[in-house]
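Order as written gives the chain letters A, B, C and D; numbering starts at 1 within each chain.
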Amino acid sequence: MTTDLPLKALAITCSLKPSPAPSSSDLLTQQLLDAMAGHGVQTELVRAVDHDIRPGVEADMGDGDAWPALREKLLAADILVLATPTWLGQHSSVAQRVLERLDAELSDTNDDGQPRTYGKVAAAVVVGNEDGAHHISAVLFQALNDVGFTIPAGGVTYWNGEAMQGTDYNDLEKTPESTASTTATLAANTAHLARLLRDAAYPPA
Amino acid sequence: MTTDLPLKALAITCSLKPSPAPSSSDLLTQQLLDAMAGHGVQTELVRAVDHDIRPGVEADMGDGDAWPALREKLLAADILVLATPTWLGQHSSVAQRVLERLDAELSDTNDDGQPRTYGKVAAAVVVGNEDGAHHISAVLFQALNDVGFTIPAGGVTYWNGEAMQGTDYNDLEKTPESTASTTATLAANTAHLARLLRDAAYPPA
Amino acid sequence: MTTDLPLKALAITCSLKPSPAPSSSDLLTQQLLDAMAGHGVQTELVRAVDHDIRPGVEADMGDGDAWPALREKLLAADILVLATPTWLGQHSSVAQRVLERLDAELSDTNDDGQPRTYGKVAAAVVVGNEDGAHHISAVLFQALNDVGFTIPAGGVTYWNGEAMQGTDYNDLEKTPESTASTTATLAANTAHLARLLRDAAYPPA
Amino acid sequence: MTTDLPLKALAITCSLKPSPAPSSSDLLTQQLLDAMAGHGVQTELVRAVDHDIRPGVEADMGDGDAWPALREKLLAADILVLATPTWLGQHSSVAQRVLERLDAELSDTNDDGQPRTYGKVAAAVVVGNEDGAHHISAVLFQALNDVGFTIPAGGVTYWNGEAMQGTDYNDLEKTPESTASTTATLAANTAHLARLLRDAAYPPA
């Protein structure tokens, strides 16, 4: 049995700001990854905007495209965490670009007609000054599910401030207890579900 | 010229609770209507759940349907305000029912092929414990625009609390300044645009 | 071990039209349930609008409310299928009402702090003359996930016609092959995931 | 009076493919611009992905950023047309980037506290193999409205094919009549509303 092998999680964070600028998306994502580590998950965080991910919907857009290297990490992982800030109430252009590149997975199928994302679990992380998390998690769930991922119960952790205010998640003096608790549950549920699906793959169509 | 005639605004609020239960949607809507009154607008507020609006997409679903009477008020108004609470991040079932009934307007056109909603202006009001206003205003703008309404600049006023908290808008000790200011601008813009369109209708197709 | 016990699926369909009017939502849902039966799932279909589900967000709104009886069926099932037509690009008011009633599950938790929906799997069915399925499945995934359900890979089956056309799914002479194949995969994935989660519950928080 | 001066429209199209690759977004947008020309509007089309628009939310991100030049065109126009393809049911990453850059307009206000986008009208164009137009127009309306634009009645023209099919708008042998008619109405309504607002600005807050 393979249950005791560690799981791997890849987090792709989608701030508009390159490293080393501080990022609320990265902060909440790292908290999630730390919690996952407590459930036997090996984790890695990549900030997408640091990489030259080309526009397009192929697995490799050629010519210096940074996606193929990220895609290798993704295909080796059991869990994808996609994290985004909120701009005009929407997921960031960087997050949408990652989703567009994932669209190619639909046509790279195994002998059973399943994409290589099948059996992987996706979790969402959303932060913003003010509202957006429910809508954005809806978009992420749908898009990630569309390309083959499974969504665990309580599949998102998030923080938004009160309407029309300007504080960021990484400006907060302490992590709000409700967000911390949601993060902990998401880590546990994601690891549990990923382990189940690694050991018992979806049947061929 | 007709510019000096008062404009009429009908507000339909979509709380799940019948009157006389207090409603955050009603509170913020009344604040908007009060501000519109300062711009020469005659206003009326109807709480939809107090009326037996039948499921369906015809102008009259028969058999005690309360929509035809509300529709008469709507067709006599220059401005529609649609107000909704946030449930699971979405507009309420009561608000969706109102939108479904408005779908019938697309097939009740004048000699120029325009629905009777053409030239009317729509404004949105969204309240909720936590996030939802951007998404819900998007849905309301699209649905109301789809059936013929024009959306003024700054077409929504709203309030949401911080993520995962439980205070309602009508629990607040005072109106947040940012929401109050947004409400005032929405009232002014709506009245201005409704007056322009009353005096200069969209051209026939 | 319990793996061989049959799974139970409850489908709630959200047409605006009461029975016995034909419903595209019911047709595609029944096709999904038939496919599930081939995976050892016992199924039941309920058309929500035939029942007097009261507005509100409590598990029982009293006074003839039909939700408590439906809720009993739901809590006894391993799988929830939520099916909706598309009106103005959105899920129906009837579907939103069902979601609102599910909101109560968040506060009815077991000793581990988990809602009774935990471990259940949700699948979506969306039909419409023209576009809407991706957005609506996003909304359903988010709302159902928010109240405790897990979403299987390929968690929706759907059909929409070309832009601005008027044919319904149940007007089609034959089921489009792509929809039929999506339905078959959804049935298999939902049954597989529900069986895994029945046998290995999410860990306590 | 200024009514007879021509209006100016800037269209920003958001295909993922740089010129000279054919683009469905460009095709439908050009049809809209041609129709606007018949209403006395001077038009220009820019394909965003041909320009190095940097990630960020400032008016000028420095260092070769192409947005400031596009922004000058935008501020000189009375009408903005934003056109996007559909990927995973969402507006493209290129379209989201344009919206993010427009976010800066909220803080560049005139003496009356109004952004320079006030009084400008926005129209949406959405194309895709399959569904997405209602949702995407909702997102575009909300985001563009949020940064100051007014949305005319019938504020979007669009085309999507049947569910799960692969033909593009620019593969069609002829323009579907319903889309052509929607485009014509959008052109007329946009020009009419832009003229009204140019001659009668929104009042100061």
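Just so it is clear, a contact is a pair of C-beta atoms (placed from the backbone, for glycine too) under 8 Å apart; a residue touches a chain by one contact, two chains touch by 3 or more.
Given the structure is predicted, the values throughout are model-derived calculations rather than measurements.
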Point to revise | Minimum number of chain-to-chain contact steps, chain B to chain D | key: 1
Study note, to complete from the structure: Rotating chain A so its CA atoms sit on chain B gives an angle in degrees, to the nearest 5, of 180
Exercise for review: Could you find the chain whose CA centre sits the greatest distance from that of chain C?
Suggested key: D
Exercise for review: Please work out the Cα centroid separation of chain C and chain D, and write it as a whole number of Å.
Suggested key: 36
Study note, to complete from the structure: Between the Cα centroids of chain A and chain C the separation in whole angstrom comes to 25
Point to revise | For chain B paired with chain C, centre-to-centre distance based on mean C-alpha positions, whole Å | key: 30
Point to revise | Multi-chain contact residues (two or more partners), chain A | key: 88-90, 134-135, 138-139, 142-143, 146
Exercise for review: Would you pull the chain C residues touching chain D in the complex into a rising list?
Suggested key: 88-90, 128, 130-135, 138, 158-165, 176, 178-179, 182
Review point. Where on chain D is chain B touching in the complex?
Key: 117-119, 134-135, 137-139, 141-143, 145-146, 148-156, 181, 184-185, 188-189, 192-193, 196-197, 200, 202-203, 205
Review point. Any idea which chain A residues touch chain D in the complex?
Key: 16-17, 49, 55-57, 87-94, 96-97, 99-100, 102-103, 139, 142-143, 146-147
